[in-house]
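Each structure below appears as structure tokens.
Look for chain A in each of the two complexes below; its partner is chain B in the first and chain C in the second.
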Partner chain A sequence: MNEDRCIKCGSCTRACPVLNDPLGPGFPGPRGAGVDAPRFPERDSIGQIALMCTMCHACEWACPSGISLTLSMLRLRSGLNEADRLPGHRRMMDNIASCGRTVSTEFKGWREEGNRTLYFPGCIGLGRLTHLTEAASSLLTALGVSHDISSAAVCCGSPLLKIGATGVAEDLRRRNMEVFSRYDRVITSCPGCTNQLREVYGIRAEHMVEVLKGSDPRSKLDGRWALQVPCHLKRGLSPWAADDMASVLVAAGVDVVRVPGEDCCCGGGGGMLAGFPETSSSIARNKVQMYRSTGVDGIITACPFCSLNLGRQGIRVLDIGEALAPKR
Partner chain B sequence: MRKDVLIIGGGATGAGIARDLALRGVDCLLLDMGDFCHGASGGNHGLLHSGGRYVVKDPGSAAECAVENTVLKRIAPFCIEDTGGLFVSLPEDDPLFADRFKDACRSTGVPTEEIGAEEATSSEPGLNPLAVRCFRVPDGSVDPFSLVQANICDAREAGALALNHCAVTGMTVEDGRIVRVDVQDRRGRLSSPIVPEVVVNASGAWVADVAGLAACTARAGLDQGSMLVTYGRQCRHVINRLREPSNGDIAVPSHTSTVLGTTSRPARSPDDSAVTREDVDFLLRETSALLPSLRGCRIVRAYGGVRPLLGGNGREASRSFSITRGDAVDNLVSVAGGKLTTYRLMAEKVSDTVCDMLGNSSGCRTHLEALGPPADVEGGSIALARLRRKYGRMASSISTSDTRVICSCEQVLRSEVTAVLKTGDALTLADVMRRTRAGMGYCQGLDCTLSVLELMMQGAKMDPLLALREFLREREHGISQASGDQLRQGLLREHVLNGVYGMGEME
Partner chain C sequence: MSRVLVIGNGAAGLFSSWLLARKGQEVVLVGRGTPSTSMSTGCIRTRPEGCEREMAEFLVNEHMPWAVGARAGLSKIGTPFRCWMAPSHSTWKYGEAPGSVTVVSIEGHPAIHVRIASSLLIAQGIRAEHLSLPIAVPPEVPLTAAFRSEGSWELLAKALRTTSSDAVLLPAMVPLREYGRLDALERQCGRKVLEAVTPLGPPGLRLTELMHARAAGAGVTIWDGRRVTALDIKGDTVRGATVSGGSEVKEVATDAAVIATGGPLVDGLNIKGRELDDPFGVFQVARSTDALRGGYASREGMMVRVDGRRMANAVAAGDCVYSERRDHGSGLAGALDSARMAVMALEGA
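And now, the complex of A and B:
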């Protein structure tokens, strides 16, 4: 690892959405957890506060020394004691054990028709936000992409890595790879899944935004819409994917308002939503307040976690699939 | 002020003598012109020698080290990391030296065990795989600041008075005796001259200057040595090059870093400790032959120390010590040479001499009584173990319930600084650093200095700007040769101090 390059400039701590939130203190911050903690191996169990990070990568982007802060913090998490597991994270583990997904599955519209393309909605899309999944699926169909939605596919494992359960994540990967071997193409609507499939599974999964880029869907959406640019889309997949998200919407005729801070974390990633729900919703609340002050009618995003976390603050939030889906 | 014994010099030797004499019931006063450890005791490699380094060329020192190594591990385990040491030869080294080394270890009593290169590389994964001959020895890593501080605490508890920042500036000799010693106390605690029965000159590299105050001579050459501090621990053991003692032979893991050393060149004065660019390059080149990963390693700081040498030059000189009575002065005892590792033995011999002069017949007890807490108290937390390593017995008085960290590089708690300030010994930022390690880390004080200063100002009247400048200048010596990431660190530091705080312009 390259933590030894730190010059203590503090850029990472200034960029961190958790540290900058009124409910954030307690978290040692990216430098504390990513640079200082590995220097003191006797502090291996810095405990639950090591989990108080959304894995938004803002720190890593800000760091002038190119330090792999998130990787370093993930390593710290993988050394966490079982006893330090947060109640919310324990629930995730229980759900994995019983249904293979981090939240219980509500989705009913499975499609197992032997298509060559698999649409992989992810745990939130199959549990909490089934409407998001239905919209994305019908959009794909409208675009001429015939696809399966397989009930055999399980959680991608990304949330498990974030809570330090590396063994379970590996297990899930093995189960999924068996399913994936039956397909030529995998499309996801959660950037967390996309990253996991690319980085950990080594398969070229596509995110909805990337699929939409080549086509020209039309939107009938009225009103002015701000963007919530998902962390794992912009800082995980690529900054261009984030730009594409905006241009696809504009081309489809949506009145998009670009606001500063649109690419700041919603507070819902990295296991925070389950692990530290108060901090997570505090970050979301402050972010939504910012959106409200711009006078938009709602927010469009491209990540189920953003949809879920911001949506709970009472503002209209649409997934890009919902924004562009043909009206039924 | 009347005192049985005045000890000049608060390095390891002087502090050891103060403890020894105080435990024998002698009324003594210890003075240092700077902080304790202002001299070589604060500018050395921190290697608790097994004796291995000297077995071939200086068997007397080797035997002394071998004995004292076990004594110190027994009485002061809290400030020693018992890492063990490896002596390792490389293909280009004289193959016969290893055999001479083995024989000499046997005859000097330095415990050693030859192991295969495979075993060596498995217990020390960073070791050059081309290693030829490898020996295990009981080397360790000692924190000199903590060791000296513990001696001072103990001496005080036994009744000694020990003052830092208090220089001896003159002596009056009448009828072949020192009758009066003038001092300059930076804090004005001592106002009258000292009237001692016996004066002990334990002033290290300054031994000749101090003897000169009583018109006596003490012959000692001066030799400078350089060391480098790396980011992070780069090895598990003390790693020694198995060859004729030479420059750049040793890597010592210590706290959060590894110290690479040393070099040897004649010094012009006791303060001539500056490290050159050549020293830095040389040390990196030589030590990375043993530990290849050192080649790209971030060097946090370079520092030097000056040692007095008895007979011979540089590496040829004996590392043993000598005790001399002043030629024309009856009540002056000068001690010079030796090692940090043998400080206790030196102190014992000096105290024997002094007690002889005073007619005190009590024997030495310093090898019997523990200097601090045992190494690993059952059930103690790791955070507490780290505190114990720095503060010995004082560790238990530091509150860990306040988890605020003041120096993130070294994870120093705010409460450590508060506790140190309460002792009254710390006058400068560097004094706080020597005790707590705040400021010793890779950012070299960028992060912690102002917060420490703020705490200091709560307790004492001081000119903060002056204190800050003094400290930053001291730190700058160590980073003037910085390169790579440490150079980036230096540039940021300069930007913050000069650009943001405007320190440069106020000069």
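And now, the complex of A and C:
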């Protein structure tokens, strides 16, 4: 790793959404967790606070020395003891053991028709936000993309890597690869899944934003809408895809209000939503307060975790798949 | 209208982008990581020689008024600081120092060093008092985060009213959009509110945010978090670049390039042994015995290839340019001036 490049400028600590939240202290920050902890392993094991990062990559983008801070913090997690597992993360593991997904599955509209395209909604879309999955699926159909939604596909494994359960993530990958082998194309709604499929599975999965970019959709919405640009879309997948998210919506006729800080983390990533729910909702609450002060009617995002975490603060949050329809 | 690719997201890159966009060029700026502009004190120390007017216009914004002229202020350890242009609460007019200053500290936080500051103030003939706020903030937590609620500002105003000094010295903690809080605080407590001149903190971040907004407002396309990994050069002409971001790589075409990659950090000049070296492997680097002065060589304003050929459409700007006269503290003014010269050279090409 490249932690030795640290010049101690503190740019990462100023960029960190957890450290900058009133309920964040307790987390040693990206410099403490990403640079010092791996460099000085003789100090006490970092323990559960290593899990207090949303994996938003903001520190990594801020670092003038190009240190792979997120990866460095992720590695700390795979070294955690089973005893350090947080209650919320244990629940995720239990759910994986019983149904193959991190949350219990509520979705009923499986489509297993032998199409060549698979729509892979991810655990949140199949458990907590089934309306998001239904909307994305109808939009794809209306755009002429015939697709399956397979009940045999399980969690992509990304959340398991984030909580340090690497072995379980590998099992899930093997199960999914069997399903994916029946398809030519995989479309996702969750940037976390997209990254996992691309980086770990080696599949050129497409995110909804990338599908919508070429399909000239139109807006279904009235009113003024702000964006929540997902961390794993912008700083994970591709910053161009994040630019496209805005331009697709504008071109479709959505009245988009660009708000400073729209690309800051909502607090929902990296296992924080399950592991540190208070800190996670505090970050979301402060973010929603900022959105409210701009007088928008709601927020459009492109990540189920952002939808879930911000939506719980009582503001209207739509996924990009819910905001658009095909041109008439 | 022609396309210009600007590499580097610091003062030189943003200022040259703004100048070019205002002249109708189609500008794409590529840069990642915190530039040294963000790590500066957010004040311009020396008067820029050639671009005073453009710079003043560039730095205008709705949130933070500037004070221009011979100015003086105090650092977070109480050392005297002199500069030529600063945010309104950072300094006083040179020669009009306050007679007494209360240094405000926050328990356990390194944002201000009270003991050192107080003794250095006394050494400068300023009567010093000390006020410790009854809140605790862990040392790694940026103070900006602790001062986000109305309650903390009310508490601060109330505490400041109990002091008997002419002025109070606060740690730097207001972001650009909340700069007006310092005016409000001054009205509430009836004392001159001074913000300690602080590198590696909110003042530098404010300056970059402001420049970023100005460039974007002028129509510059900013590709943040992305990096130019290679330049496509034929003969003496830059024709395009390879840009990478996330897991994507794109090829872009361009009619001209401004290289403003700053000092020898990761995406800037390489350090090879004890010498500076061009990471693109194309341009001549002029070495100097003083590390501060080395950088890209130029001839009549244009960059030079390693084989000695003068480039037709590539210029360098800011800290990555060789400068015999560069001195400690001249960084920002020098970078802005150099950006303006680079743009002029490009226009003459």
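Everything below uses one rule, namely that the second predicted complex is superposed on the first by the 321 of 328 C-alpha atoms of A that agree within 3 Å, B and C clash if a C-alpha of one lies under 4 Å from a C-alpha of the other, contacts with A are read in each partner's own complex, and residues count from 1 in each chain.
In the analysis below, a contact is a pair of C-beta atoms (placed from the backbone, for glycine too) under 8 Å apart; a residue touches a chain by one contact, two chains touch by 3 or more.
None of these values were measured; they are calculated from a predicted model.
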Return first, second, both or neither, reflecting whether A:31 touches chain B, chain C, both chains, or no partner chain. both
Based on the superposed arrangement, let me know which partner A:9 touches: chain B (first), chain C (second), both, or neither? both
First, second, both or neither for A:236, with chain B first and chain C second: second
Output check: A:21 vs chain B and chain C. Expected answer is one of first, second, both, neither. What do you get? second
Just chain B (first), just chain C (second), both, or neither: which does A:325 touch? neither
Applying the document's definition of touch, where does A:73 land relative to chain B and chain C: first, second, both, or neither? neither
Going by the contact rule set out at the top, does A:65 touch chain B (first), chain C (second), both, or neither? both
Is A:193 contacted by the first partner chain B, the second partner chain C, both or neither? neither
Just to be sure I read the superposition right, which of the two partners does A:169 touch: chain B = first, chain C = second, or both, or neither? neither
Specify the partner with more touching residues on chain A, choosing between chain B and chain C. C
Residue by residue on chain A, keep only those touching chain B in one complex and chain C in the other, then list them. 5, 9, 31-32, 65
Across the complex, what residues on chain B touch chain A? 231-232, 256, 297-298, 382-383, 385-386, 408-409, 411, 442-443, 446-447, 485, 488-489, 492
Report the residues of chain A in contact with chain B in the complex, numbered from low to high. 4-9, 31-32, 36, 39-40, 42-43, 65
Chain A contacts chain C in the complex at 5, 9-11, 13-15, 19-22, 24-25, 28-29, 31-32, 61-66, 195, 198-199, 234-241, 260, 286
Which residues of chain C touch chain A once you look at their complex with the stated criterion? 32-36, 38-39, 137-138, 140-142, 144-146, 148-149, 177, 200-201, 205, 223-226, 245-248, 250, 265-267
